[in-house]
Amino acid sequence: MDIANALVVFLNFVFIPAAAYGAQLALGALGVTLIYGILRFSNFAHGDTMAFGTAVTILVTWGLQALGVSLGPLPTALLALPVGIAATAALALVTDRAVYRFYRVQRAAPIILVMASVGVMFLMNGLTRLLIGVDEQRFADGARFVINVRDFKAMTGLQEGLALKSTQALTVVVAVIVVWALFWFLNRTRSGKAMRAYSDNEDLALLSGIDPDKVVRMTWIIAAGLATIAGVLYGLDKAFKPFNYFQILLPIFAAAIVGGLGSPLGAIAGGFVVAFSEVAITYPWLKVVGYLFPDWQPGGLLQLLGTEYKFAVSFVILIVVLLFKPTGLFRGRSV
Amino acid sequence: MSDQAFGNRGNRDASVVNPRPAGTFEGSRKSGAAGPGRRDDPFLIGEGMSGGYGRGPDILHDCTIAVEKGEIAVIVGPNGAGKSTAMKAIFGMLDLREGSIRLDGRDITALNPQDRVRAGMGFVPQVNNTFPSMSCEENLEMGAFIRDDDIADTMAQVYDLFPILKDKRRQAAGELSGGQRQQLAVGRALMTRPSLLMLDEPTAGVSPIVMDELFDRIIAIARGGLPILMVEQNAKQAMAIADKAYVLVQGANAHTGSGKELMANDEVRRTFLGG
Amino acid sequence: MSNTRQANTSSRWRAPLLFLALAVLFVLEGTVRNAMFSGSWNTALGILNMGLISAITALGVNMQWGYAGLFNVGVVGFLALGGLAPVLVATAPVDGAWQAGGPRILLGLALGIGTLALAAQAWKRMARGRLRGLVLLAILIAGFIAYRAIFDPAVIAIEANNPARHGNIGGLGLPVLLSWAVGGVFAAAAAWAVGKVALGLRSDYLAIATLGIGEIIVAVLKNEDWLARGVKNVTSIPRPVAYEIDLQQNPAFQSFANRLSMSAAEASGIWVKISYLSLFLVVLLVVILLAELALKSPWGRMMRAIRDNETAAEAMGKDVTARHLQVFVLGSAVIGIAGAMMITQDGLMAPVGYNPLRYTFLIWVMVIVGGSGNNWGAVLGAVLIWFLWIKAEVWGPALMGLLVLPLPDGGLKAHLLDSSAQMRFIAMGLVLLLVLRFAPRGLVPER
């Protein structure tokens, strides 16, 4: 039994990719869950909001690169990120003013807001395509690896190598900072508490003098920020393709629901649950098992499900959690 | 749901729609200007109030409620008499067709509820009167949201009044018992340092022992000099502590007097207190 | 409270006039040749036929949303599943495929379903506790291993059978019209399974469940080569109508075309499209007729009662969840029929084409624009939106060309002109938002 090598294979192919992916999903799910908690609907345009924010960030990145600006080992996109966030927040606020506010004032059922968000989804989708086209874009620059396979092997003398891409490390670091900042905001600041109060009990929040319009504006700005960050990190880690950002809506919704819609803590937990199950179930375990039990010769790759079916995993996890714990892992419904 | 166009067609899909009910009152209504009060007004008076919800029929008919400084006033009456409606009218959650509300020498009829809180009204709704996922302390902080000064003293006073809240200050309001939750709701309203406290059936749904304790606290608050207007279901107990009681029947004043007078009134006793 | 800008009662001429306007659009498309219209009856009828298929799909969605408030965002999946039916029912059998692993495939599938059923029964029958969890887990793991052991070799065998041309299980060689009904059954079965889970919980989770199942069905079609050759596509699905090439070689048809002063090629295209058109119209009218009859029956009255006041209906003893499941299954069956019709018309099963934007969300635009809850509205919305969707591809660049006229030649202008085909997404978003805002009941409001 060769535990060290098995562990390295596990870290390299399961843990690290899943952690990075989980962080991206968690950031996306946080935005969805915030909007669900405060505006009371699931925003179908969230994936396209991510795509729009990323597209703007990419355009600014290209501009910076053309000017010769770079961040050394870090991707230039980090420098462009604030611009992307600002543009996306502005778009979200304009959308709210032009579309969603009307239905709030009319006291429309939230399902109507869901429909409106489908319209916004089409609009943002077209806007993003107009902005940057439909093709795949890679915009990661700077150092590629924090640890690369050869150095790792030389350092440890193990047979298996471990690679930690800088984008993966960056994803996790940024996600931790963002989540910390968000929780600090929600739990420690007056405005953050006002948001939680509004999501708990609208009437009482109003009577307490909390301005609902301000709460809604803050929600959109934060959700747009989270969406852009999630989108840029996902794009750095993999590649930017508008259609993929639409497809990521399913795992993001699944993560938010698995965690308990409306619960920020749940969104984070849900993101990692979905990501780890997706990677673990579609990963061929043959190599890991080979190191652990050298005498066992299994017939197949020990892959539970082909990678093409990774969406099915989020779906199954979702169904299982809902069957056993209908409100999600963390009791949802409130921010 | 009279309007199909923006209705939900019976949809109850929790994966896209938050089942939490929407707010019930219009938060974006702008206040009009406050006018001058009248000479010799009581501290608070809702005078000649007539009106109902939205375009519905009138529920209140020329109803008058007043509270003097340092008093406890209660509104009692049979079910559906419009007790809570009268209180909501005073708080501005109802469209008044006629009548005016005057508080502390100002005519506040045109103010929206938020601005009435700023003008000194502390209101404790009957239900949904806390922020369930927030801790007791955060609930009290939210109560003081409109204040910009230091709230530590007020919070200490609330904790003195309701020691249980201090013990549970880190606990979420949703995990409290019914009586504790009512205490928190009253404490939350006190955080604005109101000049008048309005309680909508504070003892609804709590056990008799807890009810006695709550009444004790309310008397203690009143002794501290804060006038109280209260709607109560338990008429006997309410009248026992009331300086002034209003018996409403079908949205109009039926009897008015001190608690003792009304308790001694045969007609009130017979028709309403059950002998 | 009346808070819409739309009058509650609309003129009874409204729907006929709108349909007339739509007809004028198609006549213009067929006759006028300019920057906006093609002036080709082949194009016009092609758009109309696809519009009718969309209309049937929209009818299915309209039943679910309009009658019961169910928000189905997996339309693409049910449509794709319906499309599988012509492949499995109508194409010619593949030599050796069945012998290679047909029975084994069926056995494997039965085993998979049996495992799930057994697990569900164990969960229902056994007492709460750790034992129940362990038994459930054991059933599922054993079932999964057995399923893979039986299923995988069969798949490999079938896919190895003449992989260049086939490699799939093949069809039954039955009439293709039969497959339309089978498509409905396929979609209904999937809908039943999804609805059973997603509608049975404390509150519904239908939206996310359908979103997921939609993705999964399309993924299955793309990747399970033994089923319908995956991304290698199945072509030559038999037609219920004549082939253009046969018509063109038929002397009688040639003289018929001459009398209409058309080329035989053009006339044959139109002939085929009109044949499809008649078939589609028959299906559409039957579906509408049944839907309207159902709506006026006691069942329909109950559905409306549930929709308009669920709490009251529940108190009266109507099992709301069971009714919702019924409507969901029925609506999905209609979507499945439309899916089978689409594949029949295309003569080609190409799973990469199943894009949720086009086949789920665009259908929603059709339903909302047409008028939620109104069957004729759904038809009008579907044909109109489909027409706009197709024409936006032409009009978008034309409009963009006008807009960028003042710009100097260069990168930006070229980029804008290049991506102007994407204008259709913006156009659809705008149409949906405008209708939802200014005519929330849709073009033909529900009575």
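Per-chain residue numbering starts at 1, and chain names A, B and C are given in the order in which the chains are listed.
Note that in this section contacts are C-beta pairs under 8 Å (C-beta built on N, C-alpha and C of every residue); 3 or more make two chains touch, one makes a residue touch a chain.
Remember, predicted model here, so these are calculated numbers, not experimental data.
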Category of the chain touch graph - line, ring, star, complete, other: complete
Chain occupying the most central position, where position means C-alpha average: A
Cα-centroid distance, chain B relative to chain C, in whole angstrom: 55
Distance from chain B to chain A - Cα centre to Cα centre, in angstrom: 44
Gap in Å, rounded to a whole number, between the CA centres of chain C and chain A: 30
Numbers and ranges of chain A residues touching at least 2 other chains: 42, 106, 111-112, 114, 253, 257
Touching two or more other chains - residue numbers and ranges from chain C: 3, 69, 71, 202-203, 205, 207-209, 440
Residues within chain B bordering two or more other chains: 1, 6, 8-9, 11, 13-16, 19
Touching residues on chain A, where the partner in the complex is chain C: 42, 44, 99, 102, 106, 111-112, 114-116, 118-127, 129-131, 133-134, 246-247, 249-250, 253-254, 257, 300, 304, 306, 308-309, 311-312, 314-315, 318-319, 322-323, 326
Residue ranges of chain C touching chain B (in the complex, touch as defined): 1-4, 6, 65-66, 68-71, 202-209, 306-308, 310, 320, 372-373, 440-441, 446
Parts of chain C lying in touch with chain A, wherever the complex brings them together: 3, 69, 71, 73, 144, 152, 197-198, 201-203, 205, 207-209, 211-213, 215-216, 219, 222-223, 356-357, 361, 364-365, 368, 416, 418-420, 422-430, 432-433, 436-437, 440
Residues on chain A engaged by chain B in the complex (per definition of touch): 36-37, 40-42, 103, 105-112, 114, 190, 193-194, 196-197, 199-210, 212-213, 253, 257, 261-262, 333-335
Touching residues (chain side chain B, partner chain A) in the complex: 1, 6-9, 11, 13-20, 22-25, 27-28, 113-114, 117-118, 123, 125, 128-134, 138, 141-143, 145-146, 188
